[in-house]
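Heads up, there are several structures right after this.
Presented sequentially are two complexes of chain A, the first with chain B as partner and the second with chain C.
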Partner chain A sequence: MDKNKWKGWLYLLPAILFLGVFMVYPLIDVLIYSVEEGYNFASQTYFDIGFYNFSYVLHDPYFLQAVKNTFLMVVITVPISTGLALLISMGLSSIRPLRKLYQTVYFLPYVTNTLAVGLVFMILFKKTAYTDGMVNLLINWFGGESIDFIDGPYWAKMLVMCIYIIWVVMPFKILILTSALSSVNQSYYNAARVDGTGRGRIFLKITLPMISPTVFYLVITGFIGAFKQYSDAVALFGTDLNAAEMNTIVGYVYDMLYGDSGGYPSYASAAAIVLFVIVLTITCINLLISKKHIHY
Partner chain B sequence: MKVVLQHLTKTFPSRNRKNPEDVTAVNDFDFEIPDGKLVGLLGPSGCGKSTTLFMICGLEKPTAGKIFFGEEDVTDLPVENRGVGVVFQNYALYPHMTVKQNIIFPLQNLKGAQKLTKVQMEQKALEAAKLVQIEELMERKPSELSGGQQQRVAIARAMVKMPKVLLLDEPLSNLDARLRLQTREEIRRIQRQTGITTVFVTHDQEEAMSISDIIVVMREGVVQQIGKPQEVYDNPINLFVARFLGTPPINLFEGQAQGNGLYIGDEMVLPLEGVADRELTVGIRPEGFILTPDGPLSCSLSGVEVMGRDISVVSTNPHGLVASVRSIIDAENRVDTSNPTVRFALKPRKVLLFDRQTGERVAFQTPQMNR
Partner chain C sequence: MIQSDDYSRIKRSARLHKKIFSGIVYLLLSIWALIVLFPFYWMLLTSVKSYSQYNGEYIPQFFTLSPTLQNYVDAFQAVPLARYLLNTFIFTVITTAIMMFVIVLAAFAFARLQFRGKNLAFTLFLSLMMIPNELVIITNYATITNLDLRNTFLGLILPSVTSVFYIYLLKENFAQVPDALYYAAKVDGTSDLKYLLRIMIPICKPTLITIGILKIIECWNSYVWPRLITDDENYYLVSNGIQELRENGLGRENIPAMMAAVVVISVPLIVLFLIFREKIMAGVSRGGTKG
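The block that comes next holds the complex of A and B.
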């Protein structure tokens, strides 16, 4: 019995070591950094323990801008991308010919490099000395005036950002939803057809509840993923996100650590803790709602 | 409502590239189901019985042929307008709805003049629930019910709109043996009580025989025989039907008609009339044996199983076409197990003759029958 116990721990050891070194220790360290006031990176000293770092971060206009941007991205992209993915996967599972081809096409963005996608968006949206970008050409063709999507007004930048995020996150959702839809037993649909159920009612009363666990999984991971948004913003607006007013919370953390005005691990840690609290709260709310709506 | 099937045929395109011929699931099914009867479609898996059921209900479109409900041609009528109730093999109860919501669901789809108020719906749902005796389970979820209870809910949901025809696809296959017995009585009761023309599909011959008014035996898409269960059992049209019906199954021997006798090996087991000399397959029902010391058929005894009311004598015969000969005799008989040989006389009405090549039934007379 005792011997087995040791064996068990031995098997767990590699995972525990890795998790301990790369997950648990840094987490604790971040917590410690975030309460050390006036921490000096060079001398590794600090003045006091307290909540000044949090107060600084929460009063920093750049941080507030980042929080606003992140929340906007989350609120806009999660529902739209999930809804669109649901529509597309419904379409995919109802067609027969060319289904494989369409599935591949819709999955391509998932295996495409973020920066490569960024490049495509540049061609579509960026104004240069030679061209206003494809989208502006379209707008002009319909008689509108060119808009500078990359260096222009805030709403235009946010629009491009959201389109970009939706485009990048959709393939995974389509993949998951398509498999969820195909796992719904055909006899439920047959039963519904026998009873003369309309298409809309079948979707709302049968399909959606049946795949609701998957939908909630996608919403929860979607929220978490969107809150951690950073690289996509860099791909579109470059590394100086503060100047572009398009910084995100993770971007702010990065800037505080390594940016041109960086070198403040305490502020970075405090911001990271704030992000953690936000994500935790939202996820808890999500789970509470999903418990109410998933019954089996 | 009588249901008429006229030359019903269904072919599916082949998915096998090496053999691109179409697969014929149902071939020229021609039958009139009388009003208010319980009909069992019976056959081994893949014989087209479920396809036939789905064509009647409208989920599958026939390749050729017509379907009538009463005088109305429903061949091209979509499934929702046919007025059928279907119980699926896995019941297809919506897992996220309560029993009540499941039963009410079909009623909520009604439109126009048929539309019901909430109170009427509840009333109808309760009636359907009472019919299958589940009224105290209305607030439960399907996952909180036993298999038999789920089955009842599925029947209630199929019955709530008072369909013209009730269709059941393998209704008992997901239940354990005891529940199966109970539920088939239940199906019979509900059918009698409502008088709805009912078609059900099964591969279990006992199930079909016990509750059907009429059974239809199918094989590879072709109807073999239609009739009352006892008729089909006593007078199977060919070897396939004879083998498919009956537990324990019919015993088969190689035999010959010679002169005026039926021979199994060198032993003349029955006097025959009206059969020319030919090679035959002899089928003897397990209850067709009479244990007697001077019987003409000798078998070597391999075991005796006492089953209370009956005794099952297991023996072998060199001319037997099945591994062992199983005969069921009255428990009042005593079997001398020390003797390696048992001898049987045969009840002529339980002996069936088939052509050795085609398996078609060969009619015969025997002087004993007229006695």
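The block that comes next holds the complex of A and C.
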């Protein structure tokens, strides 16, 4: 038996080593970084301990811009993508022929490289000297004026950003909602049909309550995912997001750490902790709300 | 007779309503399918338009009558695209292999072995799932830099070889294997390691394959960590390659060649997806997180 006592730990050893070095230690270290004022990455020295890093970050206009951008993206994309995904998966589960085909097509964005497809979106929306681009062509058809969505006004950039985010997150949501819808017990629907209940009422009184835990799960993961938005912005606007006014909180963290504006791990740590607190708070609020409205 | 007439009329109108409804459903679903597919079509289309043709079109054309593969040649010659692909391939294969090794051992320990402190260790593991990557990446960047592992495969791979979530997923699957098998093997004098290799792994192969594929997708698309850790072109992965291409390579104007590169990068995963469609979709709905 004595041998067995250690065997388990032996099997766990690789995982513990990797997690210890690359997850537990960094977690403690990030807290230390965040309170070391004036930390110098090259000489690894600092002046003082305190909360100046947080104060610097919270007063940095780039950070405030990033917070504003991130909140806008979250508030716009989470409800729209969840609602749209719900609609599409309801449609999917009401048809038989071609259903597999549609499902396969809808899932494609999940397996594509964000940076690569983002480039395609950029070309579709971009207005250059040579061409107004595909989307502007459509706008012109409907009698609108051409807009440069990539280097143009703020609202246009935000619009493309949100469209792209929604395009990227839809596959996951459709997949999850479709499987939730197919697991609703059919006898509820049959009972409702016997009573002659209308479609709208069936949706509100049966479908929605039955899948509400799933919808809620998607809202929470959607919020968390959207708050960590970064790669999609890089894909559309390039690595200099501050110049494009489209930086996100995560982007700010990486900018502080690396690149032309980098070399400040303390500011990066403070910003990352602020992000973590925001996400944690929103998730807790979500959980509280859900207690009232979710039927398990 | 009048009543029966009424009945058939109601029946007919009900059927008509149903037809109209499903017609609308198909129409809306097709519109979304178009929105999803259009970027893919556009990237393929642009990649086969010649440079002069693309730049000559003030109003973009929706098809081309003279497709060319020259852009693919250009893309491979102007930037080390083959190198990026090879790097990504190496990175993906090694990372996935090491991760499989680590998580299989850990999941086995949690699911099957008895040892002191197991429950505490498992709880601690689970609590690590809440830690966002953004928090730990700062120190990891410092660690790798201080170890002088920037611009090496080791530096790229090491931080991404464990996943608490996959350990958890696999442990749940291992735990479903009946205890009787284990005791039978023990009676026969089989060692734990042999039991794991000969019995557990074959039984849980479907889950292992699913986890493997999900990890491959994740590796192929990873961008942030490789960007932090590499600034030498020889170690770029495809995501960074694409970004480099966009900002410095090819020149901003050679969009057809850029699209050719995008196609080359996207195809491997799309092929993988079409082959393992069922597995990937089942896996993601069980354990995917994105969105």
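Here, the second predicted complex is superposed on the first by the 278 of 296 C-alpha atoms of A that agree within 3 Å, B and C clash if a C-alpha of one lies under 4 Å from a C-alpha of the other, contacts with A are read in each partner's own complex, and residues count from 1 in each chain.
One rule holds for everything that comes next: a contact is a pair of C-beta atoms (placed from the backbone, for glycine too) under 8 Å apart; a residue touches a chain by one contact, two chains touch by 3 or more.
Quick caveat, the model's predicted, so the values are computed rather than measured.
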Task: Label the relationship between chain B and chain C on chain A in the superposed model as either fit or clash.
output: fit
Message: So in the superposed three-chain picture, is A:I206 touching just chain B, just chain C, both, or none of them (first/second/both/neither)?
response: first
Task: Could you figure out whether chain B or chain C reaches more residues of chain A?
output: C
- request: Considering only touches as defined above, state whether A:N185 meets chain B (first), chain C (second), both or neither.
  value: first
- request: For A:G198, select first, second, both or neither according to whether it touches chain B, chain C, the two together, or no partner.
  value: first
Task: Enter the shortest inter-chain Cα distance between chain B and chain C once the structures share a common frame, rounded to whole Å.
output: 6
- line: After superposition on chain A, the chain A residues reached by both chain B and chain C are none
Message: Looking at the complex, which residues from chain B come into contact with chain A?
response: 57-59, 79-81, 84-86, 88-90, 92, 94-96, 105-106, 109-110, 141, 143, 157, 161
- request: Give every residue of chain A touching chain B within the complex, in rising order.
  value: 185, 187-188, 190-191, 193-198, 201, 205-206, 209-210, 212, 295-296
Task: Mind listing the chain A positions that touch chain C in their complex?
output: 4-9, 11-12, 14-15, 18-19, 21-27, 29-30, 33, 41, 81, 87-88, 91-92, 94-95, 98, 102-117, 119-121, 123-124, 130-134, 137, 167-173, 175-176, 179, 218, 221-222, 225, 228, 230-231, 234, 238-239, 250, 253-254, 257-258, 265, 268-269, 272-273, 275-276, 279
Query: Can you list the residues on chain C that touch chain A in the complex?
result: 22, 25-26, 28-29, 32-33, 35-37, 39-40, 42-43, 46, 55, 57-60, 101-103, 105-106, 108-110, 113-118, 121, 125, 128, 131-132, 134-143, 158-159, 161-162, 164, 167, 192, 217, 220-221, 223-224, 227-228, 238-239, 242-243, 246-247, 253, 255, 258-259, 262, 265-266, 269-270, 272-274, 277, 280-281, 284-285, 288-291
